[in-house]
Every structure is written in structure tokens, then in C-alpha cells.
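Take a look at the structures listed below.
Two complexes come next, and they have one chain in common, subunit A, joined by subunit B in the first and subunit C in the second.
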Partner chain A sequence: MTQTLCDTVELTIPCRPEYVGVARLAVLGIASRMPFSYDEVEDVRLAVGEACTHAVERAGSTVAQIKIVSTIDSVALVIEVSDDVPADAEPVIPDEDAQALAAAGVDQQGLGALLMEILVDEVKITSTASGTSVRLTKFAPE
Partner chain B sequence: MTLKKASSDWTQADTDTLFARYIRTRDPVLRDRLVVLHQNLVRYLASKFVNRGEPLEDLVQVGSIGLINAIDRFDADRGTKFSTYATPTIVGEIRRYFRDKAWSLKVPRRLQELNQAAAKAQEDLSSKLGRPPTIQEVAARIGATEEETLEAIELGNAYDTVSLDSKMMSDSDSAPLSLAEFVGAEDESLQALEEYGDLDKAIECLDPRERAIIVHRFFKDMSQAEVAKQLNISQMHVSRLQNRALQQLKRFMNAAESS
Partner chain C sequence: MNLTINSRTPNETTRILEIEGEIDVYTSPQLKQEIVKLAEGGVKHLIINLSKVEYLDSTGLGVLIGGLKRLREAEGNLVLVGPALRILRIFEITGLDKIFDIYATEEDAAAKEGVTL
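Moving on to the complex of A and B:
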């Protein structure tokens, strides 16, 4: 690979559902810089979408922001999705689907984390009182 | 305990009891109930993959296969929650579906189609509204999400307008090569292959002795002397027959070419 330097792209969006698509679009462009297949690019995109969606759900009506920092080098694509949603924010009221899931014994939050773990190579979630950060790593193919 | 029970009354404990009974009895009726009970999980996971261009129902079908496998293999005693156990199996089945469908080959085409649809919608809406339409309006017209529409407008274009002068990836030291340098020329051996077919027919038209001489001389690389010995005729005779055969082949090939 000719690319040895590491490139960084930063994007900050309001922590609201209508902006999750913007993050997903940006990630499409960023992940396409890596030698990933379409499926892999879509997997990264879905994982970032999940991270953002959970920030939005946790925020509820609290005004917050999501910062998406992507770092690309020849080894891996690392995307850190951090929000400033306080731990005591009032989350959105779960819709019917979520209630049905809960009834079947499914914890949606845990499911999102699980989904991310399936889609990318490494997931590291760090939560503090002032926000949550999800670090997603997808390695370049050998 | 039946599924008729309203979902709000249904609890995790009920699910656990149902599972315990199924594991003990392997009763297919209980299995069906478990499948129905977890349809929401499958649907939820499948819905995450819809913007890859496959109908949700197809993904739910595929995901259900994963669910059934997970139900059959689940061991409640391991202390894992069923949804945690089943999710990788369901998602794995959905992802394999995309991989097997050679989905990645279809994406550019789908984006191109969406791109063309978006371009047409832009034109139609412009004349109808008397102003350029918004992305939302275009998306509504082509029945795609705003995200898909933006993606199609941005990327769909890229797929059919690659410049011949665009630089291709190359090894670190050498200068980048342009796409034009990778574009092949007409393959002459293909033309040759066609001619072989004609030649084959021409050889079949020769009389058996002439045909034997041509085959021995040109396909088996034998000398005129060897052929003469094989056919029990003089080398002079071989030479004469060979010339006559070649003349005939030449005539035949010329005729084939001009027809």
C-alpha cells in the first residue's frame, strides 16, 4: 500500500435522528478510502449508525452533540463516536417495537453493542457521567 | 400459557419457561411458538440491513433460518440470554445472504439506476414546480430515503463517468498510470480462433489421403520422408499431394472469408 500517513476526518452533528444519515453518508465516503469490499464498507456504516442511534436514544430531548472522528491508515480504520449526553439524561420513550423486543427478553441497548461487535473487528465502549464514547476498529484486509 | 396473551403481559420469565419446556420435550409446537415469539428480534435485525437494496421480507426469511438454528442449539444452562446467543447466528445468516448473492456486483448498477431515476425526477419536478426540487422532493418521487438519494446522486455519477486519463493505483515508485493504459486492444487470437473453425471445415473437405498428409505434416510435425513411409508412397508423391491440398485449403479459406 502506498498510503502510510494517517488521515483524520472529524465531523460533529447534533444528537438528533435526522442527522444520523449525515454521519452514515460521511462514513461511506471515509470507509471507501480503505481497501474494503462493499459489504465491509456497509458493515462499518451500519456500526457507526448504531452508535449514533444509541446516543440519540439516550439523549431523548436533551440537547447534545455527537463527534465522529475517523482515522485512516494502512492498517485500520478507527472511528470514535463520542457524545456529550449526560448519564442522567431522560431517554426516549421506547416505541412499540422496542416494547415487543423487551417482552421477548431482548435488551435493545445490549443488542446494538452486540451488533457492532459482529460488524467490526473491535468495539470499545467507555461511559462517564458526562458522555459515552464508542471506538470502532475495522482492520484492512491482509 | 399461550401466545394469545397480550405482549405487554408477556415477560422474560414466560420466555424462559417456554424454552425450558422446549429443551426438555423438543416439541415442534413449542419450537414454532419460540420462532413466533422472536420474530420481532429477527425483524429488528433485518431492518438494519434494508438499505443494501434487498426487500425486508427476504431478509426476515433468511434471518428466520438463523433463528431456528439458534433455537435448536440453545442451551439455557450456559447462562447466556437467548437473544445474545441468537443475534450472531441471525446476523450471520443475513450477511451470508448478501455475500452469496454477489451483492457487491449489483450495488453499482442499483446506484446507477437510482441515479438515473433521481436525474429524471429532478427534471420532471423542475418543470412541474417551476423551480429546482429539494432533495426531499426528489427522494419522495423516486421512493428512496434522503440518504439513498444523496448517495445515488453523489456516487451513481461516479460509476459511469470515469475519465480515461484518471490515475490508477500503482506501485510506490513508478509514476501513476492512467486508466487508458490499462484498456486492452482487440485480441487477435480471438480472430485466429474463428479462422481455425473455418480451417477445420476445409480440412474435412479434403480427400482422406490429402487430409492424412496435412494432419501428419502440420499437426504432428512429421517430415515429408516420414509421411511417405507411413503412407507407403514416394516422398515426391507426398510433396505433390501436399501442394495440391494446400492450394485447395487456400481456396476454401478465401471463399469462407469473402462469404
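Moving on to the complex of A and C:
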């Protein structure tokens, strides 16, 4: 019987801009446990940063939290970034910014989603009335 | 986790902003405020030196795009200088390297933009 080692690291942060860097730092350490290249570790860090940013931008001034659960095994690193911001919360990017970006043909939240899609192997976003979960998977190199 | 912005004024309508640190959801409002202030003060050419930027996310990209649009409307430009390969890659994978003028050095940027340093 083959034993599969599976380590889990959990981190909960306030859903506010100043804490996103804390999540990135933690993820840097966690991703370094995997046989990833320097670039791959950086990719995971940015993807998690984007997932947290997505939560923060919807949270506004609420007392929401972000829970980051990282699961490491020999096959992949799976990081689930969950918030308790109601799914119907509107993004709090100031109007003038959203307009300027739209006029330039850019949707900032779309950029964040695009980055996540490119940087990791799988992205699964689940929204419910009680919150949103972004599940990021990066497979170990063969 | 901090952002430092050093501003230099080679001439009246040009500013060089040397940015150091991480541009993310926490620090990008600071950069945005600086760009808006300069644009409203009549600056037309903004040379943003990214060589000491270690991290850039979608909010930072959003701020740079907003600034680019603002300055191009004023018939100026916002150009980027010296991003590390890691940062340059973010522009490439989002296709934004085709929107921004990105130069290796401040001198290159000034020469190509017709600005005297």
C-alpha cells in the first residue's frame, strides 16, 4: 500500500488590502515546499494575490475574512481562497476608475481573472450567497 | 510591504517616477493619487521606472492603464522603464505590452518620446 503524504496549511486574514501581502508571503513559503521553479513559485504567489484581491475589492468596509487553505501532496499544490463576502456584493472599485478602465477597454477584475487562469493549471470559482471560493491548482512538474 | 515613489523633474511637463517596492491592492491607491496629481498639474510625459518594483498585480496594472489613458488624452504619454523579467512577463501575458511603450532605460524612453532629460 502506498502512503500519500498530504500536508495542509491554513491561514485566515482580515479581508482588507493591507493583509493581502501577508497571504502572499505565506504562500511563497508554502509553494517553496513543492518542486516548482522560481517562476512557478512566483506564479502561485501572484495567483493567490489576485484571488485575495478579488475578495478585498468586493468586501468594502465589512468585517469579512479570507481563509486560505493550502494542501500539498506529491501531485499538486491546491490553494483554496474563500471569503465570506456575499456573492451579490458589488465591486467597490471607485466609479471613475471603473469608467476610465472600461474606456481603455480594460476590466480590472477581468485582468485578475485572466492572470489566475494563465498562472496556475486550474481555477475553479464557486459563489454562493454566503461567500466566494477560488480554488487554484498547480501541478508538480513531472 | 511598502511603496516608495521618488519623483524627478527633468522639465516642466515631464516627470520621472522611480517606484520601489510592491504595487498591489494596498499600495496602488498611493500610485494612482500621485499620477492623478501630476496629470492635473499639467504634466504630459510620465516616465515610470519600474526597475525596483518586485511585485505588480491587476490593481497596479489598472492604475497604470488609467494613467496612460489620462495622459494620452492630454496628448502626452505614460511610458515604462526597465521592468524586471518577472514584471515584464505580467505585461506580456495580459497583452498590455502592446498597449504600453516599454523601454530599457530612462535615456531610451526620453529619446524615443522626444523629451529632454
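Rule of thumb we're sticking to: the second predicted complex is superposed on the first by the 128 of 142 C-alpha atoms of A that agree within 3 Å, B and C clash if a C-alpha of one lies under 4 Å from a C-alpha of the other, contacts with A are read in each partner's own complex, and residues count from 1 in each chain.
By definition in this document, a residue touches a chain if its C-beta (ideal position, glycine included) is under 8 Å from a C-beta of that chain, and two chains touch if they have at least 3 such contacts.
Computed from a predicted structure; not experimentally measured.
Asks: Should the pairing of subunit B and subunit C on subunit A count as a clash or a fit in the superposition?
Replies: With subunit A aligned, subunit B runs into subunit C, so clash.
Asks: Is A:Leu46 touching the first partner subunit B, the second partner subunit C, both, or neither of them?
Replies: A:Leu46: touches subunit B and subunit C.
Asks: Between subunit B (first) and subunit C (second), which, if any, makes contact with A:Ser37: first, second, both or neither?
Replies: Touch partner of A:Ser37: subunit B, not subunit C.
Asks: Looking at A:Gly131, would you say it contacts subunit B, subunit C, both, or neither? Reply first, second, both or neither.
Replies: A:Gly131: touches no partner chain.
Asks: Now for A:Glu57: first (subunit B), second (subunit C), both, or neither, which partner does it touch?
Replies: The answer is second: A:Glu57 touches subunit C but not subunit B.
Asks: Just to be sure I read the superposition right, which of the two partners does A:Leu111 touch: subunit B = first, subunit C = second, or both, or neither?
Replies: Both partners.
Asks: Check the residue A:Leu28 against both partner chains and state whether it touches subunit B (first), subunit C (second), both, or neither.
Replies: So A:Leu28 only meets subunit B here.
Asks: Find the residues of subunit A that appear in the contact set with subunit B and again in the contact set with subunit C.
Replies: Residues 21, 24, 39, 42, 46, 49-50, 97, 100-101, 103-104, 106, 108, 111, 114-115, 118, which sit in both footprints.
Asks: Where on subunit C is subunit A touching in the complex?
Replies: 1, 22, 24-26, 32, 55, 57-59, 61-62, 65-66, 68-70, 86, 90, 93-94
Asks: Under the stated contact criterion, what part of subunit A meets subunit C in this complex?
Replies: Within the complex, subunit A contacts subunit C at residues 17-18, 20-21, 24, 39, 42, 46, 49-50, 52-53, 56-57, 93, 97, 100-101, 103-104, 106, 108-109, 111-112, 114-115, 118-119.
Asks: Under the definition above, what is the set of subunit A residues touching subunit B in their complex?
Replies: Listed in rising order, the residues are 2, 21, 24-25, 28, 37-39, 42-43, 46, 49-50, 97, 99-101, 103-108, 110-111, 114-115, 118.
Asks: Taking the complex as given, what residues does subunit B use to touch subunit A?
Replies: 7-8, 10-12, 15-16, 37-38, 40-41, 43-45, 48-49, 52, 81-84, 87-88, 91-92, 95, 98-99, 103-104, 107, 145-147, 150-151, 155, 169, 171-172
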